[in-house]
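Down below are the structures I want you to see.
Each of the next two complexes has chain A plus one other chain: chain B in the first, chain C in the second.
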Partner chain A sequence: MSETIDAQFDVYRFDPAKDARPHYATYRLALPAHTPVLSALLQIRAETDPSLTLRYSCRSAICGSCAMQVNSKSRLACETQIGPEMERHGRIVVEPMRNQAVLRDLVVDQSPFWRQYQQIAPHLILDPTRPMPEGRETPMTPEQVDRFKETPRCIACAACYSACPAVEADPAFPGPMALAKLYRFVVDPRDTATQDRLVRIQTEGLWLCLRCHLCTEACPKDVRPSERIRDLKELAIGAQGGTENGSRHAIGFKENIREGGLLNELKLVRQTSGVGGMVAQLPQGLRIWRKKPEITKKPPRIEGADEVEKIYEALDRPKEGS
Partner chain B sequence: MQRHDVVVVGAGLAGQRAALAAVEAGRDVALVSKLHPLRSHSGAAQGGINAAISKEDSVESHIYDTVKGSDYLGDQDAIEFFCERAGPIVVEMEHYGTIFNRAPDGSLARRAFGGAGFPRTIYAADRTGLALLQALWERLGTEDFTLYEEWDLTQLVVREGRVQGIVAFDRRSGQFEEIASSSVVIATGPFGRIYPKTTNAHTCTGDGTAVAYAAGAQLKDMEFVQFHPTALLETGILITEGARGEGGILKNALGERFMSKYAPHVLELASRDVVSRAIVTEVAEGRGFSGPYGGYVHLELMHLGKEKVLSRLQEIVDFSRHFAGIDPVTEPIPVYPAQHYMMGGISTDRHGQASIPGLFAAGEAACVSIHGANRLGANSLLETLVFGKEAGDAAAAHATKAPAPKMPASDLEAAVAPLRAWSSRPDGEDPSALRTEMQQIMGQYVGIYRTEAELLEGLKRLRAVKARFQRIRVVDQSKAYNLNLTDALETGHMLELAETIVVGAYARTESRGAHFRTDYPKRDDARWMKHTIATRSDAGPVLTYTPVAYTRWEPKERVY
Partner chain C sequence: MRIAYYPGCVAQESGKELDLATRWVCRALGIELVEFPNFSCCGSGFVDEANEVLNVAINARNLAIAERANLDLLTVCSTCQGMLSLANLRLGDPAVKGRVDGALKPLGIEYRGTTKVKHLLRVLTEDIGLAAVKQKVVRPLAGMKVGAFYGCHLLRPADELRWESGEEPHAFEDLLAAVGAEPVYYRGRVLCCGFPIQFVKPETAGRIAARQIDDAKAHGADAMATPCPLCHISLDSFQNQAAKVAGHPLDLPVFHLPQVVGLALGASPEEMGLARHLVPTGPALAKVPGLARS
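Right, the complex of A and B next:
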């Protein structure tokens, strides 16, 4: 048993029916350092204030109910221990998840999150001309199972959704969980809509990911949503090539730098949006040109550009074992 | 008031499977749950699901293992029916998209489990419940039905001898609502939170079982409570039997692999009641470890090698690290039994039909009975699917021929008036405090080993808590997400169910499966080869008994 510490909890409280604005209630408890934040909150409910409202169920990081902000990080309260939080922050600030409207205290409205998940068609899509084997399982090798990576571990806790700046910026972005779930269906050998899924998602938010990896940092089950989004991007380019601004931007970026080691920004606009797109973006381009006239010039070839080429060649070589 | 052909309460695997069956039968279906379906406790099931699909295995062998595991209290015709449906329903779940582990030849991988004569447990790492729950929810999502999410069940309405619908509390709006329906399926899962240390989620409070009991439904074999042998010490978090199926071993403080004394043939893979009693005995006789959270033994996985542990028991590694500060790759896991599964529940036939027309039940909320006095590992996930489907089919069929449900507005008022009193009292009993007292009573007096004197004392104390519940008080006056009201509802439900457990255990003067009376240590087939039926009365549960169904297997002494 770990040592007992004095912990201070500053808990976000808000009942929209009664409160004009949110406030923080402070509770002080002496608890063993390994106590999960959830246990502490339940103790507060049982002993001090039964009106403190939160979602919780399994207390073992498998039901996904108790995601919330603990000292500004999206975490599962049940597997976040108070000791390290007190050590690092001197108190434990508990707030509802971000990017979702607060219904009361730590309970948020998850309906947009669930809607985004339904949007990616999270079920096997089958080709009626290719029925599954009757009365027995579809054969699948252990290697095919490995292709799912960690996505089957997802518990839909929405910690990633809460941490994601793209979700905050653009409601059209499906969010890390939905995209990781899409990856799970794209690599499923039983699913027959792989091509359609990859083509559709290119115009339905795949390229809105900012590659900040905050979702991967937040994920309590090591699903690594940002890496699965990267995988999806590769697969999408493979399925359709550069047919959409997002994928053309990625391809253009790669080829652009290869030429001399520096980014040719004007050329990248053409590579991404085409000549028509350049014309459409002319006013914005002129504004940039006034501040940064060198943008129209081709950048010089850097010293050691040969090394850059070698990096590209190394990256293009097929990986061992794949 | 809402109105549906079929109302399913509880959205874990049994409830979802029932809803799918009823939707496929063309009925208008409501799925009512206090949690989002993906947060159901089915998702916490770890080890796997049994099905005799291998050529070297047989359905016959699965039936025999289940009959023996039940300590001959399971109904053999129901067990046959159950095991025969295992292969097809697991394959169906694979076709719905479940990602199971695979053997090198592409078939479903299997692992060994306790009490099974053949490795027939199909699995998805150590998160089989989660894998099934996701696939079923995603399959159900392609169908048309109405989800009532975060609704608490408060009453089953029975009039003219049949079901008319339910009353439930919408947490988000804070309103009580009626849903009229001639067919109601209860699939609200377990009620392990009656006990102080349980592998069950906080939300496993038996709401549906209690509400059905209050409406007059018969409960069966409530005294049979399974304690899982290996739970984490402080929290009761489950360490799957799959850990032993993969080769994990148990050792006492003397370094002895003590199961050789209790089950010389199969050691750690004896059935759960046997292993749990062995651990409790080792600790009681001074051969366990001791620490601030009580006595314990060691579960060792170190010898399996890092790769196997990390690939097959990934969640276990995480649980141990996060919740016990232990790395199972290099250290033993301290374990002790915790309440895990309720063999008892709403008495049903094999099609989920309960004792009231229009009432159906499935999964852990129900008792068919296939588990008898002790459930085998990996038979409960199977139970949710097989009997969820049966109950959904039967409820759908009943809805077509039953008269339209009648729910006058006075029903709602009658159901809600007593609950309003809870919130308007100036003072009264605290739901959390009563819940804790009940848990302590059950842990102390109605545990793994039971005696007449302890059961009587437990009953006396439990009834005192029940009496105080009459003055329960809800302090929180807000409407939205009033968890204080939920606490009170759940505590009331659990107190009723706890009483049926104690009364059943007191009456049964024998030891069978998970029910062990130290004052009656032998199984007594002549007097007790029968099911306990509990029916509610104002004075407490009234017990009657029904015979066990036999087909081919003569009762024998159970040796592992």
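Right, the complex of A and C next:
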């Protein structure tokens, strides 16, 4: 038995039919420290306020329904215990997920999240002319299975989508979950649309990922979406090369370092944006140059730059999908 | 203490003021910086996007340079910190290590994995210690409210960097308090500055930068401070563009971490290279008695 603590819950409440704006309702309960936030909310609903609206189902971190913000962090309410939250924050602020419109209290409209998921064609695309092997099974090597060992763990709770600053800033970004799922099909040896998928995603938001790793922090299932997005970027470059600003920048940066070991800032702008892009950025460039004239200087060649060059010769090969 | 100084590209180039301030502060606190003219760029996250193993290998080379001298390595950039630490971590995988060794061994380079990668923030708060920093303060930054802005790669993925909590760090705020400034807590302090997509989609990058700057201001900040020169580019050099996207003026000075420490330890604004900032730092300095006129 863990000790009983006095916990304070400040719960976001909003009923668009009745309220002009959201407010926070405070509830105080004495509960064992190991109580999940979800259980506490259900107790509040059962004993104090039957109008409190929330989504949940399995209570076992399997269904992914009860993602919400607990003390500003997107997580599953069913596996977040009240003890550590009270210890760290002195109270438990419960709010709906971010980046999705609130329908009522802790329930958000998930349709944009699911639309983004649909966009990536989240199913195997098979070649109808290629017969399935004997017994309708496709043997895979352990190495092939290893490539997508994390992504099937995803329970589509949207905690990553809620935590993502790129989703917040730009509706063109598909979000971490959709991209992690896309990766899963790209490396599946049964899928025959690998090249199409990689070509399409380059223009459909892949390069808007900020690699801030907030999704990987938020994910309750350790899918590590930011790392899967990184893998996708390398595969997309391998499939098609630099067709977008993002892939051109990554490739340009790689080539830039190869030449003398340090970054040539001015040259990078040309590598990413071309001469036309450089002209467009000239006013801003001049503004910065007045304070920081080094931006136009070529950096010195490091000692041992030939070692860097040899490392490139050994390892600079494109990566392939399934 | 002696430590290998890995300045990173930006501090040697357009962010020279960060290098100036780092050297000043390390001199004042007795940190001996050992320099190596053969460090290369860390890849800045972009080389990692293009080729993960190549990126690990160029950083294994950097780490081996410090390792040969039996030194830990000091970074002054969240991204350098993240890339070099991730290389250390990924080299724990025998398959990755095998490929990297295959490229390094013919060059006579040996990576053993004994060099720790430490950001200046960590060296100041853990190795030097807040009490020792505080003891050297001659001009507490009392009256200046500063919003720390960490930069993603100093914090995340937290389970891999194994230092501060990725969600609720406090080392930077503790350091700000030690030099007499008033730390401001705001949600944006652990979020992204927008820099990685500055060249992908400038409007979106600007919207993200403006969001964090507005957040710091809404919590009363007179200035922000960052341990990452790439965040500094986004928040300071491109603040005008962020303001344009936001549709309102931002006008928030942004310091590099060692500048804030240096000012409290008695450095002049000139010694900290403050004139090189795009957003004037004067209004923030004016909050500290005796600083604006020095």
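Just a few scattered comments:
Here is the rule we use: the second predicted complex is superposed on the first by the 284 of 322 C-alpha atoms of A that agree within 3 Å, B and C clash if a C-alpha of one lies under 4 Å from a C-alpha of the other, contacts with A are read in each partner's own complex, and residues count from 1 in each chain.
Keep in mind that, in the parts below, a contact is a pair of C-beta atoms (placed from the backbone, for glycine too) under 8 Å apart; a residue touches a chain by one contact, two chains touch by 3 or more.
Keep in mind the model is a prediction, meaning the values are calculated, not measured.
Residue contacts after overlaying the shared chain place A:286 against neither chain B nor chain C.
Once the two complexes are laid over each other on the shared chain, residue contacts for A:139 go to chain B alone; chain C is not touched. Using the contact criterion defined above for the overlaid structures, shared-chain residue A:45 touches chain B, although it does not reach chain C. After overlaying the two complexes on the shared chain, residue contacts for A:20 are found with neither chain B nor chain C.
With both structures placed on the common chain, the touch criterion links A:79 to chain B but leaves chain C unconnected.
Contact with chain B, but none with chain C, is seen for A:60 once the two complexes are overlaid on the shared chain. By the touch criterion defined above, A:275 reaches neither chain B nor chain C.
Once the two complexes are laid over each other on the shared chain, residue contacts for A:30 go to neither chain B nor chain C.
Taken together, the two complexes place no residue of chain A in contact with both chain B and chain C. Touching chain A in their complex are the following residues of chain B: 35-36, 38-41, 43-44, 88, 91, 94-97, 99-109, 124-125, 127, 130-131, 134, 138-139, 141-142, 172, 201-203, 235, 237-238, 291-293, 314-315, 318-319, 322-323, 325, 430-433, 436, 475-476, 478-484, 487. Taken in their complex, chain A has these residues touching chain B: 1-2, 15-18, 34, 36, 42, 45-47, 50-51, 53-54, 56-65, 79, 81, 103-105, 107, 110, 114, 118, 122-124, 132, 135-142, 144-145, 148, 152-153, 155-156, 188, 190.
Taken together, the chain A residues at the contact with chain C in this complex read 72-73, 88, 165-166, 168-170, 207-214, 216-217, 224, 226, 230-231, 233-234, 237, 244-246, 249-251, 253-254, 257, 261-263, 265, 269, 272-273, 284, 287-288, 291-292, 294-295, 297, 299, 302-305, 307-308, 310-312, 314-317, 319. The touching residues of chain C, when paired with chain A in their complex, are 9-10, 12-16, 37-41, 43-54, 57-58, 61, 99-100, 102-104, 106-107, 109, 152-153, 156-158, 166-168, 187, 191-192, 194, 196-197, 199-201, 204, 207-208, 211, 237-238, 240-241, 275-278.
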